[in-house]
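Each of the two complexes below includes chain A, the first together with chain B, the second together with chain C.
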Partner chain A sequence: MTQAEIKLCSLLLQEHFGEIVEKIGVHLIRTGSQPLRVIAHDTGTSLDQVKKALCVLIQHNLVIYQVHKRGVVEYEAQCSRVLRMLRYPRYIYTAKTLYSDTGELIVEELLLNGKMTMSAVVKKVADRLTETMEDGKTMDYAEVSNTFVRLADTHFVQRCPLVPATENSDSGPPPPAPTLVISEKDMYLVPKLSLIGKGKRRRSSEEDATGEPKAKRPKHTADNKEPIPDDGIYWQADLDRFHQHFRDQAIVSAVANRMDQTSSEIVRTMLRMSEITTSSSAPFTQPLSSNEIFRSLPVGYNISKQVLDQYLTLLADDPLEFVGKSGDSGGGMYVINLHKALGSLATATLESVVQERFGSRCARIFRLVLQKKHLEQKQVEDFAMIPAKEAKDMLYKMLSENFISLQEIPKTPDHAPSRTFYLYTVNILSAARMLLHRCYKSIANLIERRQFETKENKRLLEKSQRVEAIIASMQATGAEEAQLQEIEEMITAPERQQLETLKRNVNKLDASEIQVDETIFLLESYIESTMKRQ
Partner chain B sequence: MAGNKGRGRAAYTFNIEAVGFSRGEKLPDAVLKPPPLFPDADYKPVPLRTGEGEDYMLALKQELRETMKRMPYFMETPEEKQDIERYSKRYMKVYKEEWIPDWRRLPREMMPTKKCKKAGPKSKKAKEAGKGTSLTNTADVLKKIEELEKRGDGEKSDEENEEKEGSKEKGKEGEEEEEDDAAEQEEYDEEEQEEENDYINSYFEDGDDFGADSDDNMDEATY
Partner chain C sequence: MAEVKVKVQPPDADPVEIENRIIELCQQFPHGITDQVIQNEMPHIEAQQRAVAINRLLSMGQLDLLRSNTGLLYRIKDSQNAGPVSFFLSKMKGSDNQEKLVYQIIEDAGNKGIWSRDIRYKSNLPLTEINKILKNLESKKLIKAVKSVAASKKKVYMLYNLQPDRSVTGGAWYSDQDFESEFVEVLNQQCFKFLQTKAETARESKQNPMIQRNSSFASSHEVWKYICELGISKVELSMEDIETILNTLIYDGKVEMTIIAAKEGTVGSVDGHMKLYRAVNPIIPPTGLVRAPCGLCPVFDDCHEGGEISPSNCIYMTEWLEF
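What follows is the complex of A and B.
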């Protein structure tokens, strides 16, 4: 765990769960797994607060526990899972694009609460949707429940490990902690629930303001007393499945950029066909015959079988090797080389970072070294066709920033510089790691800057919130236009301007966080996939 | 290279021209300070991507951040009390719904706070009740309660108790008092004194107990 990662974890925990949880979480990340008493002692926090903080962290799957010998329970933080909190907006947005508003709210609730039972999710989402609907309309539980089933079928949500049902026949003392088990086949099995009912509205002031008589609102029977049918079966968002989706999207858009829309559509079809059958960490998709691909192409996509075969041959011949040919049976078997694709995407990211940081001529040298694998300094100067002095300068700059590495090959055992080859090379894996580390640092810096900006303008922000609240309440009571304007003028013009600037800055910082995280995703996927193959 | 030595330039074991310095050129000074905190960028960063998706994600992110603060999982640090309570503070308090974790999924040590909580007030109440009724014969009852608490044998009658207490006191206290006790027990009048003695004893013990009691109190205060 690098310092930059710990710093980022600390900022994220603090922003989402407050300072106490942050203290406990960071302590666990730093020290590894620890028992309860030791955590309380080392952090100087009261036992109760430690317990509550741990409950919060466990609820959100950020900490796991394990029973050791002699019944000691040790708690361990999941650092990489903490960093995933950066990506929450993207998960939610993806759910929206795939399963519309209902899907969005389901995933949002699961992420906000860590884990929930299906019945709780369905109720909550139906209530929330009902509140946004027009008066008199309500969201049916069954509809939300359908979307939930679809999310489970496509593996975007999964069951949490269960507490096994224990028979209390043995008289021995119960274990200090439950052992959670998950059965593979039940992972995505939705319990049979008969969720009947509709979303309920909160009696909000907005509604009263519209003057709707309360009797008009549909009445519901109180169904709170019933025992929960799916008690103990908790669900969580399967982040790996989301990552698989992001990866597929990145590959599709890369193909679209490199070739054309049609080829990207073919690749998209291939990826969709193997979505569920291929595990998210596999280096290749399952082989697919061209006939199968042809049958699965989206309806209304009018290309003939011949054209499809031509496209597939073209894709397989492409030097980037996104698509590979694995056999000739069934009109040709094709796979998508996921590992190669991630490698190409990571390399492209590195290239573009070099280009934006050091300029296009540096990027030329970088690509040259990348392509030729190992080059001596003299060769770099010659091949890049850049004056020797400038070329050296650029090469050294990239060397000192760790984008390019240097390999010494001594001719004699004494390593004398005059009798040694110095070969420049790009180690993509280590460069990717270095860049990833910088990304973590950038995001930590962005968050700190954002917090600083907000803190600086805290008083002003509070004031504007208060004024807005007053205006809202006055509108509700039907105040006159002049009165409202009077209150609005409580914020002076320069203050308004300051607020505008603040908002723009915060928006920019937030947007940067999201976009840096996309780079983080690419680099992490590449590193993970490379480490699995070694 | 040998020629360079005389003129004070450090001798390098390699040809300095290979790294881009022509003969006679001044080498850059050694850098003795850390790089600047905000270095100048040679190239301006490219603008951020914008679009419908990006805007929506931005809104989601900001909303999520606000929502998280209102969730029951957000643990606030107890802030120091200000001398003057601001009126607006009362309205800024956010309503949080209760969160009851599923204890079945958590290690047992996560929840014993509840048990203590229940045990605390109960025992205290029992004591208070005892104190209330014992206004007439405070010493006896208190003694009995302590006795019960200490040994856990609640079936003994008062007399037995007293006898035992007496014998125990003998062991406990100094020899002088033991003799005193023996002499005084015969006289009727002295019984009262003994009671007084007892009272003092129990008073001290009560003091001990009081300490324990206050412990209980403290426990409760933290919850």
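What follows is the complex of A and C.
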């Protein structure tokens, strides 16, 4: 784990879970897997607190445990999983676009709570939705359950591994830590629950003018006493599936930019058809015949089979090489070249960074060296049509930032510099890694700046919160307009302005974190895909 | 075989006479005569006198010394062979052999010219001599120095009346050893605009996709014709020049190229294939990292919390937030 990653993890843990969890988490990330007592000893926290912190981390899938020989249980933190916390807003937004508000809330609840049972999720989400609906309307459990089932069917949520039911449970002392298993086919199996009910509105005390609340409260507790039908079956969000979706989105938008809308729709259809059949790390999707694609096109698109064939041929011939033709049966078998697509996207990211940082002439040199693989200084000048002095300057600048590297080819055994060829080359994998590291540090910087800004204006924020609380309470007890005005004026106009600026800045920094995370996603997917093929 | 005029000569030892006779002999035998023939012709002259005469003729440049498989041949230098050398020799009859040698080497280099160090290697003369000779020759307007574009300090020498080769002067992109960046930029933009408009018209025609794509392509010949008609270039540009410009557009990521097989004889085809170019859009918008100030920060490596440069007091961030 690099220093930048550790810093970022520590910031994220602190923001989401607090100081103690952060201390334990960072210690585990730094030192690898450790048993419980060692953690307590090294971090100087009491055993009790360490246990609680580990509970939180395990609940959120950030720490895993393993039983080693001699019965010692060791805990290991998963740094990459911690970094996924940055992507939660994107997951929730995706669920919203696919399954509207219900889906959004389900995924949000699952992400915030780590693991939950289905009934708990459904109840909570129904309650939340009822809050936002108009008076008198409530959200039915059935609707929420339906959305949940759909999420499970498309593999966006999955069951957590369970303790296996052992027949010989009393054959010896139970192991110090259970080994959780789950079989492939059970992972998306939704238990048959009959959740009947409606969402309950959380009544604030002002509206309970009558004795209603008292009547409702005993009913509430009575509900809780009923046994939860699916106890022990916990669900979590399947992040890999979301990643697959993001990757598909990126490929489709790339095709749309390079070609036109119809081509991108065709590619989207192809990807959708291979969602379940292809594993997320395969370099190619399964071959799809042109007839199948024609049948699966979305209903609104009525293009003829002939036109579809033409589009497929064009896609296969395009220099981008996202789509390849793998055979001729069934009207032509086509595959999507996932590894190549990720490579092109990662390369485009690198080029975009070079262009923005150094200028478009540098970008020209960079692309030139990328395409021609190895070039001498003189050749670079000739091909790029840039004067020699400037070309040299730009090459050295990129070299110092490690986007380009030198390959030496000696002519004589003594490697004399005057008799060696020096060739410029781009190593995409190492450049991607370097850029990824920079992204992590950038996000850490952005988070720090956001915290700094908030801390700077802490006094003002507290004041505004107090004023809001006072206004709310006064409104409840039915105060007059004049009194409300007076309270509101406690916050002066420049202070209000300051608050506005603060809110705007914090939002901007937040949005920027998410944007940098998009870059991280592309680079990480490319690196992962390349490492798997090696 | 021509009739040999047998002259009975009085045994005179006049060197000039001997030389003249040798010249006459050579003229009779344009392919060259061996020593034996001269001996037969003038048997009364001693070998030494003969040698002196022949040497004199050689040094005056009227005879050529050649080696054949039978022995040495002496051949008269006729006016066609001699050419500039005889002209040169007529100018500087008394100069050294060294200068002649240097001149010979430069002449052999043709229109690419030769560097002074290479002249030194070939002639094995010391540097000081070479420099003196070169200065001499230059002042006599027999050779000239041309600056090479590759290394601006390097001067190559070539004969006075020769045109320097393209590789030395750089061709169409260089005027007086200066790379014409603006010219290249202007051509770049013009080509791109041409390809862009072609792609747009193709896209708007809304026919079936095959035709749309094919009509958005332009061959290098078409672009060449367009640029020639535009008339923005005062220098005559060839199709290869246009192709180098189009290649820079490819490296800019704005244009893509395919090669198709074309029938020999269709306009613009070279060796049975044609290059087609098409304007394209980038596949991703500017990436997320560069939208944050950290992505473009020049002091990124020095930035850490608590230091001089830190996220809390970053001036770039402050400016960016006010935007």
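In the analysis below, the second predicted complex is superposed on the first by the 511 of 534 C-alpha atoms of A that agree within 3 Å, B and C clash if a C-alpha of one lies under 4 Å from a C-alpha of the other, contacts with A are read in each partner's own complex, and residues count from 1 in each chain.
Note that in this section a residue touches a chain if its C-beta (ideal position, glycine included) is under 8 Å from a C-beta of that chain, and two chains touch if they have at least 3 such contacts.
The model shown is predicted, which means the values in this text are computed figures rather than measured ones.
In the superposition on chain A, contact of A:R438 is made with chain C only, not with chain B.
Contacts of A:V63 after superposition on the shared chain: neither chain B nor chain C is touched.
Once the two complexes are laid over each other on the shared chain, residue contacts for A:A40 go to neither chain B nor chain C. Of the two partner chains placed by the overlay, only chain B lies in contact with A:L180; chain C stays clear of it.
Looking at the shared chain after the overlay, A:L105 reaches neither chain B nor chain C. Contact with chain C, but none with chain B, is seen for A:A348 once the two complexes are overlaid on the shared chain. In the superposition on chain A, A:A152 makes contact with neither chain B nor chain C.
When the two structures are aligned on the shared chain, A:S512 is found in touch with chain B and with chain C. Of the two partner chains placed by superposition, A:L338 touches none, neither chain B nor chain C. According to the touch criterion, the shared surface of chain A, contacted by chain B in one complex and chain C in the other, consists of residues 356-357, 388, 508, 512, 514-515. Taken together, the chain B residues at the contact with chain A in this complex read 13-15, 18-20, 41-43, 45-46, 48-50, 53-54, 56-58, 60-62, 64-65, 67-68, 71, 73-77, 88, 101-102, 104-111, 113, 222-223. Of all residues in chain C, those touching chain A in their complex are 150, 173, 179, 181, 184, 188, 203, 208-210, 213, 244-245, 247-248, 250-253, 256, 258, 280-292, 294-296, 300, 303, 305, 310-312, 314, 317, 321. For chain A in complex with chain C, the touching residues are 250, 253-254, 257-258, 260, 262-263, 307, 310-311, 313-314, 319-320, 344-345, 348-349, 351-353, 355-357, 360, 363-365, 367-368, 371, 378, 383-388, 435, 438-439, 441-442, 444-446, 448-449, 452, 505, 508-509, 512, 514-519, 522. Only residues 15-21, 36, 46, 48-49, 51-56, 58-60, 65, 67, 73, 88-90, 92-93, 96-97, 108, 111-114, 163, 174, 176-178, 180, 232, 234, 356-359, 377, 388-389, 392-393, 396, 416-418, 466, 506-508, 510-515 of chain A touch chain B when the two sit together in their complex.
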